[in-house]
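Please find the structures below.
In what comes next, subunit A is part of two complexes: it sits with subunit B in the first one and with subunit C in the second one.
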Partner chain A sequence: MPEKLTSRNLLNQLQTRHYTNAYTAKMKGQLVGWATSIFPQEFCETMDLTVVYPENHAAAVAAKRGALPLLEQAESEGYSVDLCSYARINLAYMKSQAAEVPIPLPDFILCCNNICNTLIKWYENIATELNIPMILIDVPFNHGYEPTPAAIDYIKSEFEECIRQLETITGRQFNFERFQEVMKLSNENSRAWKRALDLNQAVPAPLNGFELFNYMSQMVCARGRKETGELFKLLIEELEEKISLGKSCYEDGEKCRVMWDGIACWPHIKHNYKALAKSGINIVCSSYPEAWVLLYEPGNMDELARVYSMIGNNTCMEYQADRREGEVRNFKLDGILFHVNRSCKVMAFMQYEQQRLVAARTGVSIMNFDGDQADPRNFAAAQFETRLEALMEIVSQNKSAKKSKEVMNNDPA
Partner chain B sequence: MITAGVDIGSTSSKVVVLEDGKKILSKVIIPVGAGSSGPARAFEQSIREVNLSREDIKRVIATGYGRTHFPGADQQITEITCHARGVYELLPGVRTIIDIGGQDAKAIRVGQGGIVSNFIMNDKCAAGTGRFLEVMSRILEINIEDLADLAALAENPASISNTCTVFAESEVISQLSGGTSREDVAAGIVNSVVGRVAGLVKRLGVQSEVVMTGGVCLNWMIIRMMEKELAIPVMASPMAQLTGALGAALFAFESAR
Partner chain C sequence: MTQLKELLSTLEHVAKHPAQVINKCLEDKRLMIGCTPEYCPEEIVYAAGMLPVGLWGGATSIRNANQYFPAFACSLVQTTLELGMRGVYDQLAGVIIPAHCDHLKCFGQDWKVAVPQVRFIPLAHPINRKLEAAVEYLKSEYSRIKSVLEEIGGKPISHQDLSEAIEVYNLHRKTLREFTLIARDYCTTITPSVRHNVIKSGYFMDKLEHTQLVNSLIGELKKAPPEEWKGQKVVLTGIMAEPKEILDMFEEYGLAVAADDLAQESRQFRTDVPEGKDPLERLARHWSCMEGCSLLYDPQKNRRFMLKTMAEESRADGVVACIMKFCEMEEFDYPIYKKTLEEAEIPLLYLELDLATPSLEQVRTRIQSFAEMISLKP
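Coming up: the complex of A and B.
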C-alpha cells in the first residue's frame, strides 16, 4: 500500500520542485528572476515567470550550516560584517554560486522595500554587477496607522510601471484576466495559510513554531500557485485531526505558550528547537510567518497597494503593538521571545519600545536574546538557554501564584 | 535540615550552606568559575569547614552560568531567579536588582514575594561587566579591589567612549600615554560601566528599592555613581556575590521541606 502523503512530505516535494524548476527554466533559456520576499508576486505570476527568492535561499543555506564560507567570502570582498547576513550570503553566492542548494543566476530582479531599505542597495548591486534590469516597488513607511491616499496612489503608479517593465523584459503583453485569477488564487492561499496559523490557538497547539517557519517558505515562493492551496488543505486537515485528539506537538505536553518575534535564527534552529522542547516551551505563533497573510479584494488595486504597504516592519508603533496585543489574547500566550537580530536593524529599531508597550498592556512575560537570521557567529547558546529557563521560571512562578490565589478565593473558610 | 546553593559564575564559584533555611553555616568564594576545579573545591571546602559530608546535605541547587555541569546538584535554577530569592530574604522591599557578574549584567524586576516579573540582560558583549573592570584594572596595574579608591581621587574623570572591551583597552592605554592621570582614567572606567548598566535598568524601569548584587557591588564608587545616574538610592547586597548562592540554598530548603 502506498504511504500516505503528509503535508511535510508534500512541502519537501514542492520546495525541491521550486528550485529544480528554476534550473530547468534557466537551461531551457527561459528568463529567471530574483525577488525580495514580499514583492507583489501577482505580477510575475501573471506573466508566468520563474522567480526564486534570495532571502528564502539564504535561510536554507544557513539552516544547512552553509552560511559561514559565503559570509567570509563576502567580507573578504569588502562587504561589512555589519550588513544584513542574507545580503552578504546572496552577494557572495552571486559570485561563486557555491551552495548545497543552488539557484540559477537572474536575468532580471524584483525589489520591494516594504520590509527594509537595505534591499534597495543590495538589489542595485546585483543589477549593476550582472547588468540586468531591476524593477523597484518603493513603498513609503507608514507613520500613521494606515497608508495615506497619496502613498496608495504612488504605489499604484509603480504597479503600472512594473507591468510596463515586465512587458518590455519578456516581450509579452500583460494578461489582465489571468491577473484577476492569480489575485483570486493568492487570496485563497493566504486565507488557508491564516487558517493553518490560527489553528495553533488550540490548547495544546498542534504545531510548533519551527514547523510554521518551514511551511512559510511555500508562501514566500509560491503563494499565487494552485499547489500551495493543496498543501495547506492537507496541513489544515492534519492540524484539525490533532486538535480533535487533543494532541500536543510535544510528547511531554506544552508547559508554556510563547510567540517568537522576528526572523528565525536559522543557523541554530535545531538548537533553538531542542532548547525550547526541553523546557516545554512551545512557539505557538510568530510575527514572521504571519507576514505572508496578504488579504485583499481581488481586482481592487487600492487594496493590493495597501496590503503590500502594511507589512510589519513598514507599520507604525501603535499598529504593531495592537497586532501583538491581539496575538497575546488569541493565542493565550504566557510570553514573547524577541529575537534581537543583528542583521535586521529595522526590526531591532522598534523592539524595545514594543516590548514595553505589549508588557504594559497585557502583563505577558518578555524575553529577548541576541542572534542573527543567518550569521552563526552572532549567537551564544548558553545565553539563550539561561534566558529561556528564566522565562520558564517566571511563568511557572506566576502560574503557581495565580493558582494559590484561586484556591484561597474558593476556600469557604 | 541542611541545604546548599552553588553559584557557578564565569569568573568565580560561590557556595552557601544553610541550616533549616535560616542559619548560614558556611559560605565560600573561589575565584575561578565554570569549567575549572572551582565549583568542586568551593563545595568541598564549604562542607569541610563545618564537618559535614555530601550525605548530610539534603538538597543542593546549582545556579549560574555553569549550573548544568555541576555533578553534585539535585536541581538547577537560573541565577536570575536565585538572585531575586536571595535578595528577597535579605531586603524584602527591593523591586529592582542590578546584578553585575563576571560576564554579564542584568536588571531584574521583582514583585511581591520575591517573584521575578521581568529581566533584561546585556547583549553578547563584555562592556559593563566584571570582566571589563578586570581588564582595565590590569592596564592600570592595580587590583580590581583598589579601583574604587583610585577613581575617588579623580579630578576630571576621563571619557571612555568605546563600549567594546578591546577598543576601550586601546583607548585607556592611549589616554594614559597621553598624560591623563590614572585616577581620572579609573573614574572614566567606572563611569563607563555605570552608563552601560544604567541603560539596562532604565529600559526595565527604575523602581525603588534598588539593590546591586554580584562581585561588582563591592566597588563602592560604582554604587555611588549608579545612584547619581539613576537619581535614586542604590544599596549593595549584604552578601554581594554570594546572594545567588543564598537564593539557591533557600530554594533547596523550600523544595526539600
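Coming up: the complex of A and C.
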C-alpha cells in the first residue's frame, strides 16, 4: 500500500514543481516573470503567466546555507552590506545564477511596494540591468487607519495600467471571466490558509510555528491555484486530527506560547528551532504568514485595492498594535519574540514602540533579538539563547503573578 | 566689509544659526511648519502665511531616538527625531513628513508618539508619478494638508495665495539655478561650504527675502571677472553633503563644486512648478515632472545618464557620491551609475556619511587620495 500523502510531502512536491515548471517554461521559450511576494497575483494568474518570487527564492538559498557567496558577490559589485539581504542575494544571483535551486531569469518584473519601498529600488535595478519591462503597483503608505478614497482610486487606476502593460508584454488579451475565477479561487485559498493558521489557537497548538513559514511559501507562489487549496485541505485535516487527540507538536508539551514577530532567520533556522524546542517555547503564530490572508469580495476592485494596501508593513502604528493585540488574545500568547531584522527597515523601525504598546495593552512578555532573514553574519546564537532564557523567566514570573492575582480576586474575604 | 562679503556672511550666519531666524519669526508672530526631507509642498505652507522650515537633521549624538530606531536607521531620521524629542522643534506649529522611503514611513509614525507636542502632518506621494491618476491622488493629499494648515492658521488659503506662492517659489528656483551656474566660475570665493550655506540658508528664510539676497550675490559676483581655478572640480551626488566638515576638507584638498545632484540642493530647484489653472493641481503635477532623484521611480535609471551629462557639461574632474549611511534609496542606485561613470572614465568617489557619529578621519583620507588621484589625470 502506498504511504499516505502528508501535507508536508505535498508541499515539497508543489514547491519543487513550482521551480521546475518555471525552468521548463523558460526553456520552451515562454515568458517568465519575477514578482514581489505580495504582488496582486490575480493579474498574472489570469494571464496564465509563469512567475517566480525572488524573496521566496532568496529565503530558500539562505536556508540551504548558500547565501554567503552571493552576498559577497553583491558587495563586490558595490552593493552596501546594509541593504536588504534578499535583494543582495537576488541581484547577485541575477548575474551569476549560482544557487543550488536555480530560477530562470525574468522577461518582465512585477513589483508592489505593500511590504516596503526597498523593493522598488531593487526591482529598478533588475529592470535596468536586464533591460526588461517593470510593472509597478504603488500603494501609498497608510498614515491613517485605512487607505483614503483617493488612494483607492489611484491604485485601481494602476490595476488598469497593469492589465494594459501585461497585454502589451504578452500580446494577449486579458480575460475578465477568468479573472473572476482566479479571484474566487484566491479567496478560497486565503480562507483555508487563515483556517490553518487559526487552528494553532488550540492549546496545545498542533503545529510548530516554524512549519508555518514553510507552508507560507505556497501562499506566496501559488495563491490563485487549485492545488494550493488541496494542500491546505490536507493540512487542516491533519491539524484537526491532532487537536482532537489533544496532541502538542512538542513531545513533552508546550511550556510557553509565543508569537514570532517578523521573518525567520533562514540561515539559522535549524538552530532557532532547536533552541526554542529546548526551552519548550512554541511559536504558535507569527505576524508574517498572516500577511498572505487576502480576503475580498471577488470582482470588487475597491476591496482588491484596499486589501493589497493594508498589508501590515504598510499600515500605521495603531493598526499594527490592534493586529498584534488581537493575536495575543486569540492565540492565548504568553510572549512575543521580536526579530529585530537588520535587513528590514520597515519592520524594525516601528517595532520598539509596538513592543511598548502591546505590552501595555495586554501584559504579554516581550523579548527581542538581533538577526537577519538571510545574511548569516548578522545573528549571534549566544544572544538568541540568552534572550530565550530571559523570555522564559519573565513569562514564568508573569504567570505566577497572574495566578496569585487570581487567587486574591477569588478570595471571598 | 565689501558688499559681497557682507552678503555671504549674512547667508552663512542664517545657515549656521537657524534658531535666530526662528526667534525673529516668533517675535513677528508668524507660524512655522517643519518640512522634513525630501520633498514637501512648501508652497502651501507659504500660501498660508507661515514659514516653511527645512528639517534636515543635524550633527548631534543620539540619546533618545534609540527608543524608536535601532542603530541602522539613517542619521537624517535619527537626528531629526532626536532633536524633536529634545524639544528643539517645539516652536513649530506642525511638521510635514513624507513617506519616500521605509525610514520616513516609520519616522512619521514614531514622531507622532515621540514628539506629540509638534503636530504630525503626514504625506504619502504617489510613486507611479507619470500616471494621470497619480496627479489626482497627490492633489487630494495636498488638499488635506491645505485643510490642516487652514485649521492651524485659522484662515482659509485662497487660490490666489497658492498661485502667488508658486510664483515666489519658481522665482526662487530660477535664482538658485542661476547661482549654481555662476558659482562654478568663482570657485575661490564660492568655496564648497560657502556654496552649501548659500543654498541651505534658504531653508530658514522667507523665500522672497532669500531670492533677493541670492540675486544681489549673483550681481556682486558678476562684477568681477571669472576667477581662475587651479584645483579640481567635482559633482556632488546623493542626499546631502553634510556633516559640514567634509566641505571644508574638499576645500583643503583643492576641490571645488562644479555642480550638484543633491536632494538638499539642486534636486529641489531644478524643476519648476508647471503652468496651469488649478494651483493645487500644478503642485501635484510638479512631482510628475521631476526626474533623476533616487526617490523618484526610475525603472531605466536615467539618473545615471543625467549624472554623466552633468559631469561632462560642468567639466567636472570627478563625481563624489555622498551616501548617507543606511540610505537604501541611494545605495541601490550607486552600483548602477558607478558602471556608467566608469564606462565614461569619470572618476567616482564613494563617501559614506553619518550625521550622528561621523568617522571623519576615514572620510578625510578618502577625499585626500581622491583629490590627488584626479589631479594626476591628464
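Everything below uses one rule, namely that the second predicted complex is superposed on the first by the 400 of 413 C-alpha atoms of A that agree within 3 Å, B and C clash if a C-alpha of one lies under 4 Å from a C-alpha of the other, contacts with A are read in each partner's own complex, and residues count from 1 in each chain.
Going forward, a contact is a pair of C-beta atoms (placed from the backbone, for glycine too) under 8 Å apart; a residue touches a chain by one contact, two chains touch by 3 or more.
Just so we're clear, the structure is a prediction, and the values are computed from it rather than from any experiment.
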item	value
Contacts of A:352 with subunit B and subunit C, given as first, second, both or neither	both
First (subunit B), second (subunit C), both or neither touched by A:340	both
Partner chain in contact with A:82 - subunit B first, subunit C second, else both or neither	second
Subunit B versus subunit C as contact partner of A:95, first or second or both or neither	neither
Touched subunit A residues, subunit B compared with subunit C	C
Which superposed partner A:365 touches (first subunit B, second subunit C, both, neither)	first
Which superposed partner A:140 touches (first subunit B, second subunit C, both, neither)	second
Touched partner set for A:122, first subunit B, second subunit C, both or neither	second
Subunit B versus subunit C as contact partner of A:386, first or second or both or neither	first
Footprint overlap on subunit A, comparing subunit B with subunit C	340, 352
Subunit A contact footprint on subunit C (complex, rising order)	67-70, 72-73, 99-103, 105-110, 112-114, 122-128, 131-134, 136-137, 140-141, 144, 294, 297-301, 323, 325-326, 328-329, 331-336, 338, 350
For the subunit B and subunit A complex, residues of the former touching the latter	65, 76-81, 104, 113, 115-121, 123-124, 203
Residue ranges of subunit A in contact with subunit B within the complex	340, 352, 356, 359, 365-366, 368, 370, 378-380, 382-383, 386-387, 389-390, 393-394, 397-398, 401
Contact footprint of subunit C on subunit A as seen in their complex	77-80, 82-84, 87, 113, 116-118, 120-125, 127-129, 134, 136-138, 140-144, 148, 150-151, 153-154, 156-158, 161, 316-317, 340, 342, 345-346, 348-353
